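Encoded as structure tokens, the structure appears first; notes follow it.
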Amino acid sequence: MSESENASGKMQVSDDVTIELRGVHKWYGQFHVLKDINLNVHRGERIVICGPSGSGKSTMIRCINRLEEHQQGRIIVDGTELTDDVKHIDQVRREVGMVFQHFNLFPHLTVLENCCLAPIWVRKMPRREAEAAAMKYLEKVKIPEQAKKYPGQLSGGQQQRVAIARSLCMNPNIMLFDEPTSALDPEMIKEVLDTMIELAESGMTMLCVTHEMGFAKTVANRVIFMDGGEIIEENEPNEFFNNPRSDRTKLFLSQILQH
Amino acid sequence: MRSLFFQILLVAGIGFFGYTIFQNTLHNLEQRGISTGFGFLDNEAGFGILMTLVPFDETYTYGRTFLVGLLNTLLVAALGIFFATVIGFVMGVARLSKNWIVSRLATVYIEVFRNIPLLLQIMFWYFAVLRPLPGPRQSIKMGESVFLNNRGLYLPSPVYEQGFWLVMVALALAIVASILIARWAHQRQEKTGQQFHTVLVALSLIIGLPLLAFLLAGMPLSWNMPELQRFNLTGGMVVIPELAALLTALSIYTGAFIAEAVRSGILAVSHGQTEAAYALGLRPGTTLRLVIIPQALRVIIPQLTSQYLNLTKNSSLATAIGYPDLVAVFAGTTLNQTGQAVEVIAMTMAVYLVISLGISMFMNWYNKRIQLVER
Amino acid sequence: MTEHTPHPDLAPPASAVGFVGWLRSNLFSSPWNTVLSLFSIYILYLAIPPIISWAFLESTWIGDTREACADTAGACWVFVKVRMDQFMYGFYPESEYWRINLAFGLLIVLGIPLFIKRFQHKGKLAAFILVFYPIIAFQLFSGGNFGLEHVETSRWGGLSLTLVLAGVGIVASLPLGVVLALGRRSQMPIVKSVCVVFIEFWRGVPLITVLFMSSVMLPLFLPEGTNFDKLLRAMIGIALFQSAYMAEVVRGGLAAIPKGQYEAAEALGLSYWKSMGLIILPQALKLVIPGIVNTFIALFKDTTLVLIIGLFDLLAIIQQAFADPDWLGFSIEGYVFAASIFWIFCFGMSRYSMALEKKLHTGHAR
């Protein structure tokens, strides 16, 4: 498509589909939160999902690593379909990393231990190897000097970068971001976004729920707008921002860009 | 300057107050013809005690009654702590269960038992449940050799025969081996990443090895079964109804508080922690062991120790039903016979104070350690 | 520009909602859960019907004598009914019951405005209840003045004595607890250590040893010839014991007041007592009301211990009624009755304190 317009040529999108959502429905009790979601994500694609709160965007990406269960339709991640089968769920979670709004670092473990926990217990890595890998990723997010500290001693921005490093330690093929900057003070948002942009440049498949439209413009090759539990509009960023097709997208953009 | 004056005044006030009390007490004791000092501890007690863990009869001294009472208190406290912990953890987890009926049952248990005075519960179990049981001849039989009647709960008691030491040696060996295996497994995981089912192997060692030794030594253990005679039961061991009632009430009452502590501890770990662990690919069991429990324990342990302390102090309610604990035997009978109120009450209180201080010292150490780890 | 037609809200699949869905997700979501549910239902089946039939279906309510219960398999509530006056008022003379009723009625009437949101003078009213009401109530209970017949404390008993003990315990321990809490946070080393020792001493020993102490040691401490009431001795013991717990509750409140408040008070040039009394304590005490209610619940349950030193609170008077040769063998009814009364009070208060806590928390979040 037109990704040469919005980022460097490094960002290649291949043709093979890595995440496939087909006719996905989800209910919370009587409440219909996801309505007939259809979405194909290609390897190396960077998708930004936006929409008003309660529109189901977080729920949708949380279905992709089965933190939420869907009740109808199919979700296939890297060729594995998400069902009740525990093996499938394990398989998918190993390949999909996730970063949360509230970081969710383990407060009783040091930064390094946070990063090593999953490699050691899930990937069965020797500790020394896991620590070496963790240090590599901590350097990547530019906080290797904090490795021995506890999460409580770090700033919000630093904590979120640790959370990103922690996910990367599992060598995921896909990264999900659930409003990664919403809980941060303004001066810390940039350091996290910079880390995410770097990650995007390395070719990671990314799905980001975020309201950072600047980020969407620089790195996304597709923007998805959700409202009322369904995908209203999807387009490449330039078109999406300059020429929204639906009224609701327009209204949402005008509200969000005014600030 | 003013604060110095104020403090001197306070010291003087306390000194004067103490002196007055001391003078009054001396005078009053003299009037009543009661000698002071701890000499009475060497005198012959002249009364019997219902249940003793160390040899005791009427010819032993008052000092010995102190020991007997203390041991009985420690016994009921230790047993109570064990049962209350089991009940509390089961109920605390049950209360958070996704199973509606299980969580409701746990809630009802907690809300009912922690809102009824402990003394009432003790007296209920003793006077309304255990005392009115039929006599030994009409004992309630539970299985072949467990009897329940108004004299207590009769259980088979183990008799160790020659060669039983082999089993004990095997058990010790198994424990040592398990520790070594755990160390080895940990080191191997650090080096190669391979995991090992330490718990399973250790458990089968600790059960299997003594069992093997037991069989090889020709089963050197027999049970002394309680048997129904014409008027009474003989053999086995008996849990007197006083102990049974006290233990039941203490465990159920304290269990309700421990359940609340466990619940609050688990709730204190946010759901986000579980989600983050799952998202990293950790299995539920591993998540529980490495992420949830270590964090929940930090909230639970301080509350748990304070409940243990409460249980120990509450065991003094034994007096009301005649279980011979420290307060009943020493601050009760011994005090009444000797009249040496000051010494007896002081010794009794000192025991509880030592226990409390010990526990609060542990708590301070624990909290400091936690803070060190967190900061 | 296209107009988007919203996707209609669909009903969830039948297996996920309704009674069947509820059962599936709450009781039978996994094999393990199914086993647990069936086991629990079996336990309930074993326990509930016999309890209901004992307490209600087959129980006897009518009659005044033991004979009324001669052929019932269930509970004999007649026993409780016949003894009800004693359970409530102890050995208080029947013709004077109105005095107790009046005292408690007055408390309720005085207390109601405290729970009315729009009432302005809550602080003053609370102070009145804490200071003057006890005097009025004591006059009513004890008599001897204003033409009221004097009733000795040994005749007080039952639920009214339980309430008196708990009430006196809380009212007397509050001021002492405040002083101790302030002392424990004091800069003066001697004051601080005296308070720490005092608090830790009482918190370290069981209440029963305190009651023993007050009943056997207190007379020794006083000058020869001074002899005072058994009830008063018990109250002193309870108040001292309780004040240590109260001090810790108040200390928690003092610690929760932001440092800025202390500094602001100092900056205004207020003296220590003025800044405490006018600025810090009013805030701290409001913060610890749930904690005070919780200590009150504990105290309320603990008052049963006076049975051991021979006072006749609710539990003791019920226990004593079992010994009546006319009414042997009704201990379960008696205990169930006592337990229900204690439970209603304690459960009610604990719910109240939880509601208060919630309110305070939301207040702070804003």
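For clarity, chains are labelled A, B and C in written order, and residue numbers in each chain start from 1.
Note that in this section contacts are C-beta pairs under 8 Å (C-beta built on N, C-alpha and C of every residue); 3 or more make two chains touch, one makes a residue touch a chain.
Fair warning: this is a prediction, and the values are worked out from it, not measured in the lab.
Taken together, the touching pairs cover every possible pairing of the chains. Of the two chain pairs examined here, A-C and B-C, the one linked by more C-beta pairs in contact is B-C.
Using the average of C-alpha coordinates as each chain's centre, A ends up farthest from subunit C.
Our note on geometry: subunit A versus subunit C, Cα centroid distance of 52 Å, whole angstroms. Per-chain Cα centroids separate subunit B from subunit C by 27 Å. Contact residues on subunit B toward subunit C in their complex (touch as defined above): 3, 6-7, 10-11, 14, 21, 24-25, 27-29, 31, 97-102, 105, 111-112, 115-121, 123-124, 127-128, 132, 313-314, 316-317, 319-320, 327, 331, 335, 341-342, 345, 348-349, 352-353, 355-357, 360.
Remark: subunit A residues 25, 27, 29-30, 32, 35-36, 71-72, 228-230, 232-233, 245-248 touch subunit C in the complex. Against subunit A, in their complex, subunit B makes its touches with residues 189-195, 270, 272-273, 275-283, 286, 290-291, 294-295, 298, 373-375. In the complex of the two chains, the subunit A residues touching subunit B come out as 65, 67, 90, 93-94, 96-98, 100, 102, 104-108, 117-118, 120-130, 150, 152-153, 163, 166-167, 170. Those residues of subunit C that touch subunit B in the complex are listed here as 25-27, 29, 33, 36-37, 40-41, 43-44, 187-191, 194, 200-201, 203-209, 212-213, 216-217, 219-224, 297, 301-302, 304-305, 307-308, 315, 319, 322, 329, 331-332, 335, 338-339, 342-343, 346-347, 350.
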